[in-house]
Structure formats: C-alpha cells, structure tokens
Amino acid sequence: MSDFIIHVTIMSGLYALLALSLNLQAGLGGLMNFGQIALFACGTYGAAIAFHFDFGAVSGFVLAVLAAALLGWAFASVGRNLQADYWGIVTLALAEVIRIIATNEDWLTGGAQGIGGIPPLYAGLDGQTRQLVILATVLLLVLAAGLFCRHLIGGRYGLSIKIMREEPQLAASLGYDTIALKRQLMAVSSVLAAVSGFLFAHYVSFVGPEQIDSSETFLIWAMIVVGGLGNNAGAIVGAFLLQFTFAFIPFVKDWIGLPSEYVAAGRLLLTGGGLIAFILFRQSGIVPERVGGRRYV
Amino acid sequence: MFQFLVDVLMRACDLMLVAIGMSAVYSLMKFPNIALVQYAATGGILAIVLQKIGAPVAVAIVFAVVLTGLVAVILNEFLFNRMLKIGSSTAMIGSLAVSLVFSAAFLVTVGPNPSRFRLPVSKPIRILDARITEPQLVSFAIVAVALGVFALLYFRTDLGRCMRATSTNEVLADATGINTARMKTIIVLISGVMAALGGVAIALKGEVDIQIGMDLLLPVFASAILGGLGNPFGAVAGALLISLVETVVTTINFGPLMGQVVVFLPVAYASAISFLLLVAALLWRPRGLFVSEVKRV
Amino acid sequence: MSDSVLAIEGVAKSFGANQVLANVCFSIRKGEIVGLLGPNGCGKSTLLNLISGVFPADAGTLAFQGENMTGQSMDHIARRGLVRTFQLPSMPRRMTVAELLHGAAARGAGFGSLFRRDASEMAEIDGLLDELALSHVRYLPAASLSGGQKKLLSIALALRASPRMICLDEPTAGVHPNLRHHMVGLLRRINASGITLLIVEHDMHFIRELCSRCVVMDRGAVIADCKPSELTSNEQVVEAYLGNARQKRAMA
Amino acid sequence: EAVIGAVLPLSGSSATQGDDQRRGMELALEKINADGGVLGHPLKIITEDSGGRTATALDAAKKLVTVDKIPVVLGEFSSGITIPIAQYLLQQDRVHINIGSSSTQIRSLGKGAFSVIGLDDVSGAFAAQDVFSGGAKNVAVIAPNNAYGQGIANAFAAKFKSLGGAITSTVLYTEGQTTYRRELQQLAAGEPDLYVYTAYGKESATINRESFELGLNDKKWYGLYLTMCTADSDPQYVEGQIGMDLNYIGGNGGDYQKAYEAKYKGGFTSTFNGFAYDGVMLVAAAINKAKSLDPQKIEDAIAEIGKSYEGATGPILLDADGQRSTQPYLRLKIESGKAVATQ
Amino acid sequence: MIEVTEVRAGYGDGPDILNGISLTAEPGRIVTILGPNGCGKSTLLKCIAGFVRPRAGHIRMSGEAVTDVPTYLKVRNHRVGFVPQTDNVFASMTVAENIMLGGRLMERRDRERRFDTLLGQYPSLASKKNRRASALSGGERQLLSLARALISEPSILLLDEPSAGLSPRMMHDVFEAIADVRRREGPSILMVEQNAFEALHVSDSAYVLSFGSVAIEGAASDLLADPAMRSLYLGGDKH
C-alpha cells in the first residue's frame, strides 16, 4: 500500500507543478490557457527525443525547457490582442496541432507508437530507494515552485500582471507593455510545465501522443478550479486532491463491489459528479483568492 | 465539383447547429458550455432509442429534441446558473464535469457501441455529379429549417431583440422591462433544441455513438469562435469555413506539381490546417470574422 | 518652438466613412495648462486617443518632447511620460485601490523587480488618497467605487506613472463641486512641479480657474485657440458650444 | 484464492473494444469456474478502467500490484498504454499478458511479457500475401491514425511492395469524425484495383456507408480483421467484401463463438474479445500448472504451455520473446450479410 | 409617486451604504439628490429601481409596495424610466434599436411617433441613427440613454447624473428637456446631479446626502438662496 501511496504522491506532485504553472497563467494573469498540455508535451517529448537520439538526459532537460519557454512565448504572441476566451480556444487548437504533429511525424516522435524505454532517473539506485528519491525530488520541486510563485504573485511584478489581467487598456495607459508581460509570464510558467513533463517521461518511461490529449488540459483546469483559482496553495491542494481521488476510485469500486461493466461509468460518475458537487458546495475552491492579497488588505 | 460542395455542406451541417447553440448561449451567459456537445449526442441517441421502442421516426425526433431542450433548461437552472456566480471558468469546468456525467449515463444506458436509425437503405440519388441519399437530404432540410426559424426569431421578433439586448447589457435590459432571467431560460432551451437537432441530423445520415459529443467539441468550438462568439450566425459561417478548408486541403491533388500521380496532404493534417486557419483569422480579426463590434475608450 | 512639449500637425482620423478629425494642428508648450473644449461628439476624446496611441492617426504627425510619436503604441508613449486618463474609466474588479496605486508605477516594475518590495511609496500614496478624498475606500476593490470616485482614482493613477504631461478626459464629470474646487488646487500644484496638462472639460468655471489657454474644436477641426476669458466674445464658440445667454452670463 | 488483474479501456475513445475485451474475460471466467476454478478455488479478476489515459492506467496497474498483490495483469488495448504498464509490471517482477495491442515495439519489452495476439508484422504480412495472390497489384490502404493503424498499414505496405505490388495511397484517418468522405475521395483518386481497409466498429460503419454512397464499392474491398470491420455496418453496404480475420474455427474456437453469441445476443463486436478470452484461459492453465501464485513460476509455466497451446483464436505458439509467432487466419467473404470462409 | 421609507442597503455582505433614508417624489415634480462622491446617491437609485435589495425599509411606487418586486416588473407595472450613471447603452445595438427598446412595451404607433419626436429633439443622435452605440462619444451616450428612457413616457423617471459629460449648451438643453417632460407628462422625477446649480434651477425640491443619510432637505429655491448651504454642499459661492 505504501508503495502505491508513494506512486500517487509522485504523480500528484507532477500534476501540482502543472497546476502551479497554469495557475500562474490563468489565476494571476487571466490567461485562459487550454493548451497547457502542449507545454507539458514539450517536457515529455524533450526527454523522449533526447533519449531516442541518444543525447542524454541533461540535454533532454535543456531541450524540454527551451521548447516549452519558446512555445509559451509563441502562445502569448499569438494572443497579443485576443480576448481571454478567444485565446483559450486558440491555445486549445494549437495544442491539438502539436498533438497531431506528434502523432504523424514518426521519424521524430515515434508517431502514434510513441517512444518507450526511457530510463528512469537515478537509474543507479535500487527500486525502492529510487522511488523515495524521486518522491523527494518531486516534492522539493513543488515546494520550490510554490514559493517562487508566491513571491511572484505577492511582489511588484504580480501587481503589474494583475493590472494587465483586469484592465489591459489601463495597464497600457500607465506604461506597461502588456504583450511583453504576457510573454514573460507564459515563458516562465511554461518552464514549470516542462519540468513536470520531463520528470513524467522519465518516471513513466513511455511518451506517446495520447498522453497529450486535450482532455488532459481540462483535468489540470479542474485541479485549479477545485483548489481555488488564483491561489498557489489551492493549485497544489487541488492537484493532490484530484489525483488522490482518481487513484482511490478503484478502491471505492472494489468496496461497493461494482460489476465490471459499470466500472467505467462509475469512474466517470464519481469524477464528474464529485467535481460538480465540489464546485457547488465549495464555491470558490478550497483556498480562494483574496482580493488585495496579503499585503494590501 | 458539385460533389465537393455537398461534402463541404455535409460536414458543415454536422457542426452548425451545435455551434449556433454554443454561440447563442455564450452571448447571454458568457461561458462556453461544453455540455452542449453532449446535448447533441443526447438528441441523436434518444431519437434512435425512441424509434427502437416503437415510435415513428418523426415522433421520436420531436420527443428527443424537446426532452433534450428541457434537460438543458433544468441543468442550467440547477447547475450552471449557480456555477456562473463563481466565475465563467468555473462554469466551463462545471460543464465539463456535466459532460462526464453524461458519458457515464450513456455508458450504462446504451453502451459504447454505435447505433443508428432503422431506415430503409436507399440508393443514392444522383444530382449532377454528386450522390446524395434521401436521409441526407432530410438531414439537410432539418438543418436549413432550424437555421431559418432561428434567424427569424433572432432578428425579426421582439423576443430576439430582447435576447440581443440582454446579451449586451443585462442591467440595462432589466431596466427596460425585459425579464432577463426568462430570456436566459429561453436561450438555453433554444440552444438545447438546436444542439439536439444537430445530433439528430448526424444520426439521420449515419450512426452515432456515445463519443460523438466529445468528438465534436473541438471543431464546434473552432466554428463558433471563428464566426465570433456571441454572434450565432457567425457560427454558421464559421462552420462552413472550417469544413471548406478541411475539404479543400484534402482534395487538392499536389501530384502534378511534384511529378507524381497522386500526392495528397495527409488527412490527419486537415484539422490541424483548419485550426491554423482559425489562428490566422483571429490574428487578422481578433474578435472573430463576423463581429463588427467596436470597443472604444 | 524649442519649448513645445506636444506638437500636433495636420492630424486626421476617420472611422469608416465617418471623418471624425480633419487636419488638427496645435502645440502645447512646456508647463502650460491647456483646456480642450468642444461640443459633444466633436472629436476631443478621439484626439486624446491619437495622442496617447490608442490607435494610429490616418494622417499627420504627433511629436512629444521633440520625439516623433506617430504610430507608437500606448505603453511606449506612456513610458516616455505622456499619460492619459479615460472619460469612462473602468477599474479592476479584483484589485484594491491601494494595490492598484502600488502597481500603477510602471517604472521599475518589470521582471527585474521580482524580489523588490518597498514601502517607501506608502507615504506618497497616502498623500494622494487624502488629497482626492479616497482614503476611506483604499481597501475596496477598485471596480466597486462610485462613478465619481473612479474618476478621481484615475487621476491618482496617472500621477503615479511619473508623467511629464497628463491628458485628462473630463476629470470633473460626476465629481462633487467641492472636490472640483479642490482639484484645481491639486492640478495647479502638479503643474507647478513641471508637468504639462491638457484637459478636456465641460465645466467652464473649472476651465477659467485653471487654464491659461483654450483650444476649442467643432466637428473635428480647431475653431478657436485663445485665453479662457476671450471665449465668450467668440461668436463661433458661443454658437457651437456655450449656447444661450444664461451660460454666457455664467462665464462673465 | 487466485486473483488476477486486468486494465481495460472501459471508457474513453476505445471503450467499444475495451468492453468487448471485458466480455471475452467474463466468458473465460465462467468457463474456468464451471470447470472447477484454479488451485481448487474460483478464479477472480479485478478489472480496472484505464479511461484510455496513460496516467490512469498506470495508477490502476500500481494499485493491482501494490495493493491487490496480483501476480498477473492483462491489458490494455492501445499500445501507448500497454507499453508503460507492461514496463512497470516487469520492473515489479510481475507477469504481463498483452491481449490487444499489436505494436511491434511490444516485442522488445523483455522477459515476463507475453502477447497472445499476433503483432502487426504477422497479420500485415499475411494480408499482403493474400491480397497479392488474389490478383490486385495497385491497392489503396485506409487505417486509423493510431498505433494499431500505423503499424498494420506499414507492415502491409512493406510486404506488399516486396511482393511487387504498389500502394497508390495510404490514408490514416482520425477517429471519431462524423464523416470520412474526404478520406475516401483521396483514396479513390489513385484509382486502385482494390481497397484495403481496417477500422473499428463505429468508424467502419461510417466508412462503409460512405464508400457505398460515393460509389467506391464498384471496386473490391479487402478488410483487415473483416469481422471487426463489418460488425457495425449495415449488411447492404458490405455485401461482397473480402478480407482476412483471425481463425475462430477449429480447436475450441467454435464453442467459444457460440457461447459469445448466446450470452451477448449477436456476433462479435470486435476481434479483441477472443484474445482476452485466450489470455485468461492461458493464465489459468499456467497457474494450475505452476501450482502456485508466484509470478516467477507462473511466467515459467506460461512459457512452457506456450510451446503449444490451443486457444479460441487458434494455436498459440509463443516465441523466445514471449510473442505469438504464428496466427492462423481465415479468408472471409461477406455473403448475404454473413462472413463465410473461402479458400 | 415614489416613497422611500427608512431604507438601508449595501452590497454583498459589506457595510450599509444607505443608513435609513426616507424621501418622496411626487408626480409632476423634480427632486434632485446631491451629495459628495461615494455617499450613496447611485446606490439609492439602484435600490429604488430594484438592482440593490434593501436590507430594511420600504419602497412604494404610486402607493403600491414594491420593495421586493424585481426590476423588470417595476418597469412594466409602474412605467419606470432609468438612466444609469455608467454602462447606460446597449453597446452592440444601433442607436435606433436602443431607443426603440426603451419603448418596447408601447403600442407600435405611439412608439414610432415618440421616436420621431425624440430624434427631432436630438439632431446629433438622428444623424447617427444607424450607428452602433458602442462607437458614440461619452456625451452622445448620455443623450442616447436619456432618449431611451424618455420614449416610453414614463411615470417615474430615475436619472443618475444625466448631465455628466455634456457640453454647457447641451447640458442646458437637457435640463430644459427634463423640465419640459415634467410640464407635459407629469412624472415623478428623481435626479442625481453633481452640477448642482444648474440642476437646482429646474428642480422643485432637493435632498443632500452625506454618508448614506439625508443631511438636508428642502425646496430647491431655498437651498440656492442659502449662502451657508452653497459653501458647504454646493461647491462654494461662485455664482
């Protein structure tokens, strides 16, 4: 059991990084990114391609981070004068384009078959210790990312992003280059997503296009909505909560004794219904954003 | 050539009604309701099931469509209205959760296998160089009539004017004596009916399975946004444009250019190209092709 | 004209077939307080939009402190020191007044300021809030301010952006008369610190008390450029803008 | 008490196949337990839903291993999911049985991984030989744009070209569309002698109907796994199609087919139920042979049994990599709505 | 006839913005509400119109209790015309559509007649009849909003700063128009204004609010005549 919990915690941590990244964009910057999974894909495919062409994990990491930052930058550039919803759909579409490329360019990405056999990190350690070390790494990264985001949001830069989010015209009239702000924010938050993807690839050891389906983005969205949009702690809590719920739904199923033809329906019902109930009864998330933040109330 | 037009229309028809519904709901409620695509699936599946248990096709269709409309109203009353109080991204995630519950419901009621209306197989009719079957013509007709009725309602009646007024300024609409809550209910009903009709139109031409809703999501989104969210007839044009591009890029034979007999763009890239078109169109007209609203300071 | 801060030459703007501005020329010297007057819909706000770079002019040139600003973006122009306020200000829903004022100082707020937090500006912000009777709403979300309070806040925001020149679009519309009086004093002091002011306004008392010069527009063209006291004697201005005798009496 | 695990796509885009796999397992379970179970107890299968997602599938696999302490896990359907869970299971020294993926990458998973389904190279090569010897020289291929489709289309093309035939065009379609007219017209543009296609239930229904509507059925259609291709289609549209499929006849395949039809009121939904059935049967036999639930012993037993095992899908011979090396295929033709064997 | 008794109101779970306000506006009279920024004038109008629900107190229109009646019903049953302070037009609709919407509850013939007279009164709107309201200048919006409220010949007129942003000439015309409506149709007019002198000149009575309570009430002429009042509440003695 404890192995299972370690595994779920590692996955939760990876999703927490993704959620933190999305929360920076959507919660702080008002950027309704529905293509988050494409930034994650930069991480997974960065790792996979580096492995495939024998570049080594370090260059894989560099590749992942650079690709994600570049893609984030491009997302922001495309959306320079789009309204939030429009931009959301554009990112969704672009992420889909990236998935289509990953499915079809098999010389680079392995096509629909994906790239398998990516070695785990800390390959020198034995199974049990390795899991623990990976767990520690992920949790440390989540902590560091959380603190970084907190600092970013609480400081002067966060204020300028907030003005950009709420009233772009006003921000521009005060001298803020809103496009540059968006690009910076996207590039920085994309790096978090790429790190998550990179670790995911090495942890799961397989990278394929169905991992970057657009429904994955919705899952990350669900995490930050449950946790409380705009709040870092909320994003982390949301990621852990949802990931643990998903992981433990099979136990609920065993416990109820659900016949196997209803397993899938039960899972969908629990996730969908749970999410609805959560939104309705825990209105603005577990940890709602406070207007004014810590400093100005 | 005529065949080509028929192909374009056929694909556009699949998207149009759902896209109109999405756009119309967006104009009043200010959130893209993902569950709409599931209403389409509900409409189609319900009509088929009703026919299976003995109702004549026409009756089955009417019942299915009305029932779906009512479901849309009820869900709106009990879920989306309350979620919207928290925020539009919350409502959107909520509508995703509702979609999951729909999937679960479909899974236990009709199972994952596709189903179709029991209609006599008809030999295609030849019109010029195109081949069209009778059910396809009926399905065209349904879409055309639905569009016409909606256009009349929206532009020629007081009800339509009130809807548009509510969508631009709810407070002022209230102050003009418009029952804005009822307007919303009506638009939700209409969108549910339109989506269900869209589903029926798809079902008439062939087969539906429970995935159909989620499969429609991206192209419907793209159509609605290309036309300009909140402008229902823009969505029609958007659907036409998307299907036109998809069809054109896949039917152009690049063979002669490259000294070979047949060289086509891989179909897998058709949707990628239509998404890229979407991005390009929005770069040119950030609020969609058919929104002429000026936002001034 | 070496001391010209803002030079507007032959500026024109149309929206579709609708020509809103045609060949507008005037310039403003450093330290001046200029009133921009004209009937509703004559193009005053549109001119401010061109000056501040909301959209580009169809023709003509705009120069600020000798630098050609034609076609530059709003944020670029603002960073050069030309800041404007809006006629119908819309304010953030999820930021308090105090937060907004902190964030309004764009200089040095870039990515580099990530780890900087200073409280030294507190005093400055407090002073502004006091001056504009906004102290008691400092911790309210900016969007929930009353109409008049938003107008006052937008002046405070412009001041925080370290401007060389401010263009104010109807700063007193919806502001209580006592505060208008107060505002005259504030704007004078701002001006005395070397900031040039261009004010679109309909309150003639305010104009008379504050401005050294008035530019009057009608249907997209400048019809008068004179001292405030000379307005009533200009037939064209009276006809287009001031209207009947009671108004003239009020001006006298 | 013997408990084994399965990870299947019971929801998501492959739910049809996943559900059919579940049916096969259920039939196997009924048969095993009616015959006395394994090691004297009824066999139990814990089935988990993968939702068609790697992460969920991995969670499920880890749950089966670490919580339910299961020695053998069967599944999944998509190669993209089968591979990572198999890798995980092998790391944990458990046995993995592939019952539905045919990517050739599966061959290199390593010891402890078995496939009871022939990988794409096997079936693609058979079909190419069959089509070529049928006289067609220029063919067009349409297959889904996923691991299965890409794999089998490549395998088919490689063999067909090596025989001296030509592929006029290969179309990989995106699943879940409402129409495939564009794809079909691309296919027709090369004017092939014959169309080779493979598609899952819903897509094949649409493809068959539309090829009928567009008049593409004036040429011969060859279905790879023909019963899967025609399962959901209206018989009128597919009349006269030929193709290959797995051999259900001979051995205990005929009984299996009857049992399936009796229990689920209709023909096979996909070809995958048979492999799921065989997978479970094989594992049960191995456990009985090993007289133990130790994964290592089960693994050895499977390798041993796999030297000659008669499954519902025909003889299962596992090669040194644990992969099914041969697979008997049938040549089928649709006559008055039924698939009948031809020679 | 509008009667407001001891109304308390606020936003969300915030503090009371109105602390027990009472006032009456009789038919055929113009009542002006004055007061510093943020004292609750607009909140009071929104409360009467039904956008903000009173926490205590009563509101009656034409003798009927309407405290908890939703806005649209008030508008229908008591013919309320409302000009909000901000966001006062249907931005994506044309000028003509905006005005017509104001009269949607009237007979078609009446509506068209009124429409033509109103456009006659505001030539600057007439020339922009088919333009989108979102393109209008601030002053033009103000006029449009007024025209939209006036077309239905309301019996209760709530005006939130109708003269804000208007040129001196236009402001004068607008006040004349309001006085004219009062003379001809005799509605109860409740008007919030910052241009106090001009407003008081056409008003019958006035209330001065301060921090959500009535500080002073009286006849408009009395307020204008009292020098102490002028310097304290009306912005100094400049006239």
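Labels for the chains are A, B, C, D and E, by order of writing; each one numbers its residues from 1.
Basically, a contact is a pair of C-beta atoms (placed from the backbone, for glycine too) under 8 Å apart; a residue touches a chain by one contact, two chains touch by 3 or more.
These figures come from a predicted structure and were not determined experimentally.
Note on connectivity: the fewest chain-to-chain touch steps from chain A to chain C number 1.
Distance from the centre of chain E peaks at D, each centre being the average of the chain's Cα atoms.
Chain C and chain E, compared by their mean Cα positions, are separated by 28 Å.
Centre-to-centre spacing of chain C and chain D amounts to 73 Å, using the average Cα coordinate of each chain.
With centres taken as mean Cα positions, chain D sits 34 Å from chain A. Each chain gets one centre point, the mean of its Cα atoms, and the points for chain D and chain E are 75 Å apart. For chain A, the set of residues touching two or more other chains reads 103-104, 169, 215, 264-265, 267-268.
Touching of two or more other chains is recorded for residues 135 of chain E.
Residues of chain C found to touch two or more other chains are 15, 45, 54, 86-88. Contacting chain pairs (ordered by label): A-B, A-C, A-D, B-C, B-D, B-E, C-E.
Residue ranges of chain B in contact with chain C, taken from their complex: 294, 297.
The touching residues of chain E, when paired with chain B in their complex, are 49-51, 70-72, 75-76, 80, 82, 84, 87-93, 97, 100-102, 104-105, 132, 134-135, 148.
Residues 151-152, 154-157, 159-160, 162-163, 165-167, 169-178, 184, 230, 289, 291-293, 295-297 of chain A are the ones that touch chain C when the two sit in their complex. Residue ranges of chain C in contact with chain A, taken from their complex: 52, 54, 73-76, 78-79, 83-86, 89-96, 98-100, 102-104, 106-111, 113-117, 139, 141, 157-158, 160-161. Residue ranges of chain D in contact with chain A, taken from their complex: 10-11, 15, 18-19, 22, 26, 45-49, 51-56, 58-60, 62-63, 65-67, 78-81, 83-84, 87-88, 91-92, 103, 105, 108, 145-147, 149-151, 172.
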